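Next come two complexes built around chain A: one with chain B, the other with chain C.
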Partner chain A sequence: MIELSAYTQLLVSYAILGGVYGLTALGLSLIWGVMKAVNWAHGDFLMVGMYTAFWTVTLFGIDPYIAAIVAFILLGLIGMATHIIAIEPVVEKPGGHEATLLTTLGISVILESLALILWSPSPRSYQNVYKDTFLEVLGIRTSVAEAIAFVVSIASIVAVDQFLKRVRIGKAIRAVSQNPVGARVVGIDVPKIRLMTFGLGVGLAGMAGVLVSTFYPNIRPLAGYVWDIASYVVVIFAGLGTIYGVIFAGIIIGVTEGFGTIVFSNAFRQILVYVVFLAVLLLRPQGLFGKALRRV
Partner chain B sequence: MDTKTWILAIVLLIVGLLVGYFAAGPGQVKTVTTTKMVEKTVTVTKTVASTTSQPAQTTTAPAKKVEVKVGILLPLSGGSAFSGQEDLRGIQLAALHINQSKYPNIKFTMKLVIADTQTKQDVAVTELRRLAQEGVVAIIGAYNSAVTYPSAAEAERIGLPYVVPESVSDKITAQGWKYVFRTCANASKYAYDTLWAMADIAKANGVEVKSVALIYENSDFGVTTTEGLKKYLSKFFPNAKIVHEESYPAEEVTSMDDMVAKLKAENPDIVFHVAYLKDAVLFVQTMKKLNWYPKAYVGAGAGGQTRVEFIQQLGADANYVYTQTEWQPDFLNSKALGKWAWINDDFKKLYGRDMVGSSALNYVGTYVLAVAIQKALDSGANPNDIKAFRKAVRDALETIKIPAGELPLMPWGVDLTVPNHQNPEAAVAMAQILEGKFRVVWPIEFAPVKAVFPAPSWGKR
Partner chain C sequence: MGLELKFTKKLIIAALLLIIGAIFPLFADEFLVSILMQAYLWAFLAMSWDVIGGYGGQFSLGHAAFLALGAYTSTILLQGYNVSPWVGMWAAGVVAGAAGALVGIASLRLKGPFFALGTIAFAELVKLLLLYFKGITGGPLGILITKSGPENMLFETQTPYYYLMFVLMLAGILFLKWFESSRFGIGLVAVREDEEAAEGVGINVYRTKVIGAAISAFLTGIGGTIYAQWIHFIRPDILVKLEYSTQIAAIDVVGGAGSPYGGLIGALILVPLSLYLNALFGGMIAGLSLILYGVVLLIVVVMIPGGIYGLLRRRLRRKLPDQR
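Now for the complex of A and B:
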């Protein structure tokens, strides 16, 4: 059987993985939770982020963390373009939120297919010093790449939360999410705010993609799918619209997954996550950290 | 939703699907997915020939040559598209060589009709039926065992010969099917040869193996290969215990820390791992992270660890990994197989690199089928009477016996006269990654280098 030290190791490993789930879910939470638009292509934006890292690192030899900034900007722009094409024309129509599901599904198919044309279905990864350097504290080891991803994850979540609370545009984003008509009445340019929210959400997905790619050796056109599912679970688990909740939900899911595999086996890893997820939905439909909707 | 919304949603979906259609077949191959395209019958020989610098000899072939259609069923899109495309390269090259009369014993022209299984069982069965309507005389396919099995069952039902050059699941040739033939080794044989190789290597290095662990991805490939390992383990390692056994979903696994932690606690001498590329890379990376390495880490079933990308992605960390290998360019340096070097040279001209196991296996499968078709033609069967001709090809396949040395590329022969149509001569060699290269280390008597066993720990590399 495994010794206690091994459990501690796994607790740390899976808490870190959970933190990364939080990061991958952050962009989705912003778009889905705050903007109330379903972004089906979330995982694919993550995938584009991964490829951005792969190509900038292998072609130009730059540091993957600089690639993260590049991906944030690049994906932010792609996100805005997507918003103009696929979200803004439908979001205010009756049934608009369901429509965003369909239009972003189209975007998802386009992105995956383009990735197949351009980069082939073969899984790739790139070598970097961060995943080959290890931190060891009290016998618990983790790669620098994973530690950085975890720290960036928490930092981004705090930054986004503060941005929404303190910065003028952030406040406008919240206003739009709470009451678009009211926001318009007080002079907020609602379409512009939505455009920026979507751009920010997709940019964060791109950045998350880069950070994941530093330690997870699976950059391929369908790579977004795994993280996509995790992101959806995390966002619903946390509760729509909560930003801090995402990190806790991510860690809970990561640790559940890790310990589930020890108690049962790896074949159960997804099953266990969904069991916990369903339990939360039954007992707290608003999510762990969400506020219950009131009928008005 | 109002009309405009619907229109926008539908337009986006259509654009996606259109892009997807073109995406499905990158490289030299035009992927055929729709009825219309299948009807057009892709003459692959031309496609391949036009990419070479040499003039296509197919056009200069005598006009009298009989043309025979062969159906190709491969995953050209979906999860296994990468492997399917590699398989197709091998098949296309074989067809090209046949049509260029590189094999004097084969005198007909082979026309390939390609269908995409999308790595889906139902699609494969539908596509097989369509190929049958197209008038193909036989099928080659379909890479994924889980897809090959139902499509082979359908081929058996409609009386269409089906050659399996690469799918390894035992059950494909365990049904007593009359129309299904496998040229490659089955999963049990892979397992048998893996254990045989490791037992030989351990013995040669004077190490007694006391414990082993079995880790495998949980689809048909992993499960059947591991069943084979368990079946023969006591034969080759009579004193070894299985201290850990675990499967995992290869598509969904985001971390392997738990498995490696368990293994570290049990510390088995040998870890047998049946994996695809991404999970194999992640596993080795995680072993390094948790600072543990067994005496031997063995990629069983010739999956991810046998790919060149495995070494590219892991760099020096890939060293000392054992992997089964169906084929290595190394083989062509041997006396017996040197005469087939021209095949790999042609492959290199087309794709700029050496063949790999899957392209070589599919090349061989296509060659064997061609020999059978020629036999059927020689027996006087009329290729225009499609039903009778399929039967004649089946009968011919059942008489195929090609001794080792006469079969292109491979160090083994083909014998399909056995009742279950499972070629008993197909064997699987063992390679170890040493200094960033796959080196054949078993069979020991043919190996150019000696295996490093036990592997050094991470700190001593």
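Now for the complex of A and C:
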């Protein structure tokens, strides 16, 4: 009986992790949908978000959840700058997909090296009460930080969905994502929408970084990598063009990892995730919840 | 007449470069020799990548996996079964090539970024499997090469390694020169440009992609053997790095993908620069040499698509408008 509840405990914390995976994947999915380009620096923006939390909390003693707003705005601006430098000049040229792949790869390498130079490779963490306070619901214990991260992740995903459905710019983003030529014909400023989308996507990554840093106190220059892979897996799993699919895919991946840990060893858990990932990629590239993609 | 002149000129330039390359270790110090040698090795790896990444247009970010598979195959053969790497490198190529064929099969279903993602996941999987099967691979501790002697491709000084990698690099260029005008190479480019049209003129797209990926991985596997023989030990985390996969692709793209010289040009620029920066700042600033790859990659892709070789060729053509 004790064992069983320990397993439930584990699965719940992996499901919570999965919810956060959903948020980290959302920004990637938006950018992918609108620009038909993968942002390879996504995890690194997340890492910058983690450091934003670290510095605002340690220097100014601000609450980490206010830091999340700071990170959203800051990373949004960094994202737009990145877009102007690395995406817009190449995105419409022939071979634009490969070019954006390379330029964002360049940005990724630059961000990682800058972080190494500025903040050294050793991991950091900051004091926060949320991590050390615990909730107990139905016999399952979780830290307040994890619970808040999960709730904020889901709330953000819902907010983004509403933004895309109700706000003018959001509708324009959807239009460009579905049909860039048609969007231009009806008078949408496509380059501006691309800029906004990239800013929004990177801003969301920054916010996710702050949330992750509240319960996963391992802030280091290469921290983005783990989340990168997780985000790609979730996006592929969910398929493009589905906002809520991202939540479910995130939780499914989280729980799969949890099961992998229980049934197999921890080392085998990761192997399982990659095998599942490759299988989905090969068998159902449009994702579990996505519509069939047009062949690129 | 004009063409003949150009040919002789080319021959003279090639011969001069060859002689400079061959006698370089005689009057350069060990540090310079070691830098140029590493540039040759990376050039060869970039050229291997070029087969599928440049000519084939399939953007792989998993080539470090083939490098590792090659390195592990020949090293296990050497340490466990006493097989000399001069023989083992061919086995390394075959093992890596078989893995490459699997990736080639995947490329039939995965396009563009999906393929790149798939190759990243593939490389991660290879790394985890190398870590997992401790009995064969030594797990996270890796394998140390304890043999010695030229018959085992192990040398006391850097100079023999220099010539080894010099020859490897030259072989790479000659191979690509032959490859790009071969029936198969032309078919691969046709598949890159338009799969359906290629199918229409009777090219077997399936076979072409799979064999293309296998050739690329085969060559990378051989590079892996040479790399292992040079650093004397192998470990999953130092071989299967996304950084390595990125670096291989970046060198080729900066130099000029889809050309026999792109890999060499890219490596001659990027490798010495990054090693020099590393030596200059040592362990003090760990990220400095890598940042260069990012900046150069960004500049080249945005400003000079087609890479440096592409730029040079365009310049030359403008000067000689009658020879198109």
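Brief remarks on what is shown
To be clear about the criterion, the second predicted complex is superposed on the first by the 286 of 296 C-alpha atoms of A that agree within 3 Å, B and C clash if a C-alpha of one lies under 4 Å from a C-alpha of the other, contacts with A are read in each partner's own complex, and residues count from 1 in each chain.
The rule we apply is simple: contacts are C-beta pairs under 8 Å (C-beta built on N, C-alpha and C of every residue); 3 or more make two chains touch, one makes a residue touch a chain.
It should be emphasised that the depicted structure is a prediction, and the values quoted were computed from it without experimental measurement.
Following the overlay on chain A, a clash is recorded for the pair chain B and chain C. After overlaying the two complexes on the shared chain, residue contacts for A:T103 are found with chain B and with chain C alike. Once chain A of one complex is fitted onto chain A of the other, the partner contacts of A:T261 are limited to chain B, with no touch recorded for chain C.
Looking at the shared chain after the overlay, A:I84 reaches neither chain B nor chain C.
Looking at the shared chain after the overlay, A:A279 reaches neither chain B nor chain C. Legend: residue contacts after superposition of the two complexes on their common chain; A:I117 is shown touching both chain B and chain C.
Once the two complexes are overlaid on the shared chain, A:Q270 sits against chain B and chain C alike.
Shared-chain residue A:T142: touches chain B; no touch with chain C. Contacts of A:I236 after superposition on the shared chain: chain C is touched, whereas chain B is not. By the touch criterion defined above, A:A37 lies against chain C but remains apart from chain B after alignment on the C-alpha atoms of chain A. Comparing chain B with chain C, more residues of chain A are touched by B.
Judged by the document's definition of touching, chain A residues 85-86, 89-90, 93, 95, 98-99, 102-103, 105-110, 112-117, 121, 225, 229, 267, 270 lie at the interface with chain B and also at the interface with chain C.
Residues of chain C touching chain A in their complex: 57, 59, 106, 109-114, 116-118, 120-122, 124-125, 128-129, 131-132, 242, 246, 249-250, 253, 285-288, 290-291, 293-298, 301-302, 305. Residues 32, 37-38, 85-86, 89-90, 93, 95, 97-99, 101-103, 105-110, 112-117, 121, 221, 225, 229, 232, 236, 267-268, 270-271, 274-275, 277-278, 281-282, 285, 295-296 of chain A are the ones that touch chain C when the two sit in their complex. Chain B makes touch with chain A in their complex at residues 1-2, 4-6, 8-9, 11-13, 15-17, 19-20, 22-24, 26-27, 77, 79, 81-82, 85, 218, 246-249, 251-255, 257-259, 261-262, 264-265, 277-278, 281-282, 285, 288-291, 309, 313-315, 317.
Looking at the complex, you find that chain A touches chain B at residues 1-3, 6, 9-10, 13-14, 17, 85-86, 89-90, 93-96, 98-99, 102-103, 105-110, 112-117, 120-127, 131-132, 134, 141-143, 215-218, 220, 222, 225-227, 229-230, 257-258, 261-262, 265-267, 269-270.
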